[in-house]
Amino acid sequence: MKISARNQLKGRIVEITKGATTAHIRIDIGGAVVTASITNAAVDDLGLTVGKEAYAVVKASDVMIAID
Amino acid sequence: MKISARNQLKGRIVEITKGATTAHIRIDIGGAVVTASITNAAVDDLGLTVGKEAYAVVKASDVMIAID
Amino acid sequence: MKISARNQLKGRIVEITKGATTAHIRIDIGGAVVTASITNAAVDDLGLTVGKEAYAVVKASDVMIAID
Amino acid sequence: MKISARNQLKGRIVEITKGATTAHIRIDIGGAVVTASITNAAVDDLGLTVGKEAYAVVKASDVMIAID
Amino acid sequence: MKISARNQLKGRIVEITKGATTAHIRIDIGGAVVTASITNAAVDDLGLTVGKEAYAVVKASDVMIAID
Amino acid sequence: MKISARNQLKGRIVEITKGATTAHIRIDIGGAVVTASITNAAVDDLGLTVGKEAYAVVKASDVMIAID
């Protein structure tokens, strides 16, 4: 499957925290760590585990710009 | 200002494309380039220009995970 | 690629409208038509054309519920 | 109330899972099931129950397109 | 229609700017002005005009918190 | 830090509810109360407490318009 989302940052999962319905996944994309909040069901469905290669995927309309 | 968004990736603006109301900004965050779709008004308000240091900011709930 | 987004509705593209930077894609998912607002760049990158099979993909946290 | 969100898919609630603060609602829209992640407060406020008719509502800018 | 989105701020439309596919609507909610980026199609469908009463509607998961 | 998000509504935190991974923050922006769903980590990182001044920040593309 190929998706329209403009941002697909390759990395490795470094942390998975499951809550009651929502999980937080942290991916090291090389230099920076990206946090994703997804459903527990998605974690199970994709078989996500710490150490696994994965992509952080973000639609362009969900990215903001900030300056110092 | 300090914001709750978990993802604040520092980089440098490499491209700005303004449309009728919506602009696309591309930031090189070191190895990867992130695309943001924001309003033209925000581009003007922040004085964004190519070459300027900036952050790509994304709320954790807007990040998905993908695997090959 | 397999993505965490919970909603992946299969259908067929029935309309593509390109704006200055943003395009609107309409997909018939069988009974209902879903509208997506994505970048022109994504349309070109995926080679989207009317009549092509495609999925409307939505993260669960972007779905609201309404009642009459 | 009439809302600007382009996607309002009518269906019937087939599952409600409440977490600590966040609930997952699954709606059968005829052929496909859509998952929504909303607040527990919204579930109570709308009186959502399994079997009730409801709409899955999604803003066009939150819909991505994928191809095989 | 009653929607799960937690934030429904009543106000009056003070500006409508249509682009090629995307429009920007500004609503005065009393003291503050909120900007919405929606499709041109939604503007036409709801018959939005300057001076009309309207609500700015935002899902709780799309709200961030910032401090000075 | 200055951010591109068009909507930055100043107010005061009136309620913080932490779940397993996700917290709900309610901010009184003067007349209306806005609800934000953010990570527990963000609450801790920003040191959010009831009574503190804060902003509800929303990207324009996440705002919908509704009419009665």
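Lettered A, B, C, D, E and F in written order, each chain numbered from 1.
Everything that follows uses one rule, which is that a residue touches a chain if its C-beta (ideal position, glycine included) is under 8 Å from a C-beta of that chain, and two chains touch if they have at least 3 such contacts.
Not measured: the values here are computed from a predicted model.
When every chain is reduced to the mean of its CA atoms, the largest separation from chain E belongs to A. In this assembly, the C-alpha centroid of chain B lies 21 Å from the C-alpha centroid of chain F. With centres defined as mean CA coordinates, chain E is found 22 Å away from chain B.
Annotation for chain A: residues touching 2 or more other chains are 1-6, 19-20, 22, 24, 35-39, 41-42, 46, 55, 57, 59-62, 64-68. Contact annotation for chain pairs lists A-B, A-C, A-D, A-F, B-C, B-E, B-F, C-D, C-E, D-E, D-F, E-F, with touch applied as defined. Of all the residues in chain E, the ones that touch chain D in their complex are 1-6, 36-39, 41-43, 45-46, 55, 57, 59-61.
Residues 1-5, 19-22, 39, 41, 59, 61 of chain D are the ones touching chain F in the complex. Listing the residues of chain E that touch chain F in their complex gives 3, 5-10, 13, 24-25, 27, 29-32, 34-38, 42, 46-48, 52-68.
For chain C in complex with chain E, the touching residues are 17-20, 22-24, 35, 37, 61-62, 64-68.
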